[in-house]
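What follows is chain A paired twice: with chain B in the first complex and chain C in the second.
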Partner chain A sequence: MSLLDVRDMRVYYKTKKGIAQAVDGVSFSVEPGQSLGLVGESGCGKSTMVNGIIRVMAKNAFIPSGEVLFDGQDLTLLPEKEMRNVRWRDLSLIPQAAMDSLNPVYPVEDAFTEVLTLKGNMTKKEAHARTVELFTMVGLDPDRLGNFPHEYSGGMKQRAAIALALALEPRLVIADEPVTALDVIVQRQVLNELKRLRSELNLALIMITHDISVVAETCDNIVVMYAGKVVEKGSTQEVLENPLHPYTMGLENAFPDPRQQDKELISIEGSPPDLVNPPSGCRFAPRCPFAMERCLAEEPPYEEVDEEHQHGAACFRLSETLKLQKLAKEVETWQPA
Partner chain B sequence: MAASMNPKGEDGYVVELRKIKKEYPVRQSLFRKKKQGQCLTAVNGVDLCLKEGDSLGIAGESGCGKSTMGRLLLKLTESTEGEYLFNGEDVTDLRSKEEMLKFRRQAQLVFQNPFEALNPRFTVQRSIMEPLTIHGIGSSTEERLGFVKEALRKVNLQPAESFLEKYPHQMSGGQLQRVVLARALVLKPIFLVADEPVSMLDVSVRAGVLNLMKEIAEEMRLTTVYISHDLSLLQYLCDHTAIMYLGQIVEYGKTEDILTKPLHPYSKALVAAIPTLDPSKRPEEVPLSNHVPSPVDLPEGCLLQDRCPYVGNACRGSEQVLTDVGDGHLVRCDLVCANNGNLKFEGGKAV
Partner chain C sequence: MTLNWKYIGRRFGQMLLTLWIIATILFFVFRLMPGNPLTAYIDPNFTKEQQEILLEQFGLDKPLFQQYLVFLLNLLQGNLGTSFVYRDDVLRVVARVLPNTLYLMLFSLIIAYVVGVLGGILLAWLRGKKGETVGIILTLFTRSAPQFWVGMLVLAIFSFRLGWLPSSGTGPAGVTYASEWAKFTSPVFWKYMLLPSLTLAIYLLGLPLLLMRTNMVETMEESYVTIARMRGLSERRVMLKYAARNAILPVVTAMAVGFGYAIGGNVVIENVFSWPGLGRLLVDAVTMSDYPLAQGAFLLAAAIMVFMNFVADLLYSVLDPRITVEDMG
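Right after this comes the complex of A and B.
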């Protein structure tokens, strides 16, 4: 059984203009110890979705339908009181801008003490010992426990946020853009740290990022989202080497790679659709160079192509993948008509 | 070679920095007076020369002084030491308002965050026309409007007329950054500094803005400086790249050379840390320790000594000098220079 099984999940926002369908029918699963990268541009619903999973949502957000099965238990049905027992103990979140998630007027250790005593039922003494252990684990100096967050560097704060998420040994950690605000060298160290901890603790990880190269280096599987929908998913290597959906092909084109000096950068013209009134067909169709009439009228269903790598996409032209991949590498293809 | 670091009185440079230094006084506490001699060194004696059409990338971690460099180049902040020649004229101390206006007209900036760089209450037309009004370019509003439309066409916001009356909130990030670029270009500058020009944009639209900036710089023969922590971006924009560490340039050369065969241990670590789509091709990591010295209290000798895995006794004593190891590739590391750049580091040891 999967550790986390998200089925046809929807998260909508009530706005003045109407209902924004920020996450609209997303399904994926995470096995114990596995890492999953959730990729897409800003506004595609990746943060909204994980906030929906742990049910820490904005006031105007609601879940109209869908299941979030964690260990077989549907989290969307859990009363808030029981949900509180799940957070931190079974699954925890490293929030976006984790660097600012520590309370600036308390020493860093206080955040740990709070979680460990209130959620972990430890005494203060036990909590201190555990905090020292956690600090050592993520490569922080336990002498700095009494310092305030402003005395930490960005990388140290990020490590502290990771340590905090691991405090009660959850089985699943969700990291929302864990390295975006960091410099490359520190970013590398934090990614290595996450990798090491994952194998040591047999931790499952969901990593949200807009940076596909970060996913390429850390995640077993990848889910590509566009405008609230899953457009493609599968094993990371397979998706990156053999992209099925035109959006994934476009993302790879737009990505500068220092190891491919002669690669030409191609952008995807246009911008994501309005989620209050999304287009009736495929949501990527207005920007897609391969869109047919059918794409504008009907919504393509998700289809699995490669069972071994659980690789599939939601596109009407899956049978022409090879042809599209070839065309997608040319600049002319992506130029607006 | 298009740009060199240590010219001996050569002419024809658009930008020439000589031993430029920027120190910020440090306060002990909010209410105490500034202590004499306590200074934070943000830029520590940088030489830089750029000819017409040169494009230079400046890369490094946050706090390395790259943004201060950008501010110094645009005279948004005054240097504490050194000289700055712009187009052959000394602009180190610009006293009069006219001189400053003249400089500002020629040297322009592209901001990092397009969502904040434009006044939300100004239409696109007003935002781009404002610099023309300030500098008194064009005799009538119609003439200025013509310049505005021309600038919009140049940044591919077409038809220009449809964008004139738009407000920033009606546009996407990529479009906004094009407006910011148009506003910088409308004065027809000769020198452009872009500080992290695409870091706030989504990956799918980044490429468009990058390609556009590159085309325009080539077409207008602009001298450009791009500041970014992302080496893979600089590779697309810049002929030459300077790697900065704690206010000093530690390596300088053709961007391609720096990315494919970095010499300085710090550049090596930086290049090896860039995430890539194909992790199997990543070079061996250089393990730098975390201890970054405080820019208030810099160590003697090499500034990387406390982090460098290859450090020797010689590194701690003498100050390192930026030296040419051939083909215009400059490195500030005696260990590397002593071996003509052939020094290889493997498994944490110098071979």
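Right after this comes the complex of A and C.
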């Protein structure tokens, strides 16, 4: 059984203009100890979905339908009080805003003591020992426990956020853009740290990012999202080497590849659609260089093409993949007609 | 938390400088007012000689600058001069009524800020619900209702109609308290203080309540609050330890500064309830042209205000670890 099985998940926002379908029928699963990369540009619904899974959402957000099976138990149906027990014990988070994820008026250790005593039923003494252990594990000096968050550097805060997420040894950690705010050198350190901890503690990880290179390095599987929908998923290697969906191809063009020094970076013209009135067909069609009439009118269903790598995509032109992959490498293809 | 004495010393120096400027302005404002300061006081039937003796007695025959220096020297020695009306040391006259004002101020402020902070938290918690709208309208009403009107209303209901509480003074006619302490611990005195302090508290309540609510609504959006919720902490803990604890900082400053303003508020309340305090003394001193007394009372009020600002700064640095000495330097 999968550790986390998200089925046809929807998270909508009530806005003044109408209902925004921020996450619209997303399905994916994570096996114990596995890592999954959730990729897509800003505003595609990655963070919204995470907030929906852990059920700490903006006031105007709601889950109209879908299942979030964690260990076979549907989290969307759990009463708030029981959900509170799941949070952090089974399922923790390295937040996107790790920079200001700590209460500014308390020493950093306080957040650890709080979680360990209240959620982990430890005594203060045990909590302190565990905190020292966690700090050492993520490469922070335990002497800095008594410092306030503003006395930490960005990288230190990020490490503290990781340590805090691991405090209760959860089975699943969701890392929401864990390295986006860091400089490249610290990014590398933090990513390596995460990788090491993952293999040491055998925890499952969902890594949310807009940076394909981060996923390529840390994740077993990948889910590509666009405008609230899954456009492609599969094993990381397969998806990156053999992309099926034009959006994935475009996304790859936008990132430098160290193996191809002369590769030209190509961006995808246009911007994601309005989620209050999404396009009636494929949501990517208005920006897709390969869109046909049918793509604009009808929504393509998700189809698996490679069972071994669980690789599939939601596109009407899956049969022409090789041709499209070739065309997608040309700059002219992506220029507006 | 270690206090930085160098910073406190510098801040204390700034406070003395401010007080000196205020004293100077007060001195010259009263001297620059038209007419001889003694015209209202000296009986026209006095002989020229008698008038001159009096002027000399009060040091008014000397040049203005010399008067100013004498005033400053006296001030440094804690001598605020002699009241024209009471024929007594200004400090002694003020000291007689100051405790009454302080009791009233402290008691009302504590009620207002405790209720205000809790009310602000509640309103923020009720955000978007009907209770929030009702609460805000009610608070705006208490904040904008004139103090004398609320005072009279309270008097009309609780004192004259229901007869529950006395209407004026600090005790029954003819009764004097043996000492300040006897007064402070006497239930009778508290019974007399209840109406004026409640009236003042109703007026003071609006500021901390609305300030707390606004700050709290802001801190509730902070990511550390959302993330605390994701850690599975109880809603009460998230609201109080995370949102409210961070929202309270400016309210604490407002409270310290509110002390200063409360003296001003007392002028109205003390008159409505015939409360023998600093505010009433001030009004009396001005109407009776008792300049040394008015000057002294104003100076004392200003000193309390400046001092409370100083306290507010110190409190802030204790409450918010992010404010360090370098920031404040």
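Please note the rule applied: the second predicted complex is superposed on the first by the 334 of 337 C-alpha atoms of A that agree within 3 Å, B and C clash if a C-alpha of one lies under 4 Å from a C-alpha of the other, contacts with A are read in each partner's own complex, and residues count from 1 in each chain.
Everything below uses one rule, namely that a contact is a pair of C-beta atoms (placed from the backbone, for glycine too) under 8 Å apart; a residue touches a chain by one contact, two chains touch by 3 or more.
This one's a predicted model, so the numbers in the text were calculated from it and none came from an experiment.
Asker: After superposition on the shared chain, which partner residues are touched by A:Gly154: those of chain B (first), chain C (second), both, or neither?
Answerer: Touch status of A:Gly154: first partner only.
Asker: If we overlay the two complexes on their shared chain A, which of chain B and chain C does A:Ser101 touch? Say first, second, both or neither.
Answerer: So A:Ser101 only meets chain C here.
Asker: Does the superposition put A:Val56 against chain B (first), chain C (second), both, or neither?
Answerer: second
Asker: Contact-wise, after the overlay, does A:Ile268 reach chain B, chain C, both or neither (first, second, both, neither)?
Answerer: Touch status of A:Ile268: first partner only.
Asker: For A:Arg198, select first, second, both or neither according to whether it touches chain B, chain C, the two together, or no partner.
Answerer: In the superposed model, A:Arg198 contacts neither chain B nor chain C.
Asker: Can you tell me whether chain B or chain C touches more residues on chain A?
Answerer: Result: the larger residue contact count on chain A belongs to B.
Asker: Would you tell me the residues on chain A in contact with chain B in one complex that are also in contact with chain C in the other?
Answerer: None.
Asker: List the residues on chain B that touch chain A in their complex, please.
Answerer: 61-62, 172, 174, 202-211, 229-233, 235-236, 256, 259-260, 269-279, 281-282, 285, 288, 290, 292
Asker: Per the contact definition, I'd like the list of chain A residues that touch chain B in the complex.
Answerer: Spelled out, the residues of chain A in touch with chain B are 41-42, 153-155, 183-189, 191, 210-214, 216-217, 240, 250-259, 261, 265-269, 271.
Asker: For the complex, give me every residue of chain C touching chain A.
Answerer: Per the touch definition, chain C meets chain A at residues 128, 222-224, 226-234, 237, 241-242, 245-246, 319-322.
Asker: If we count contacts the way the header does, which residues on chain A are in touch with chain C in the complex?
Answerer: Touch list, chain A to chain C: 54, 56, 59, 83-89, 92-93, 95, 97, 100-105, 111, 114-115, 118-119, 148, 150, 164.
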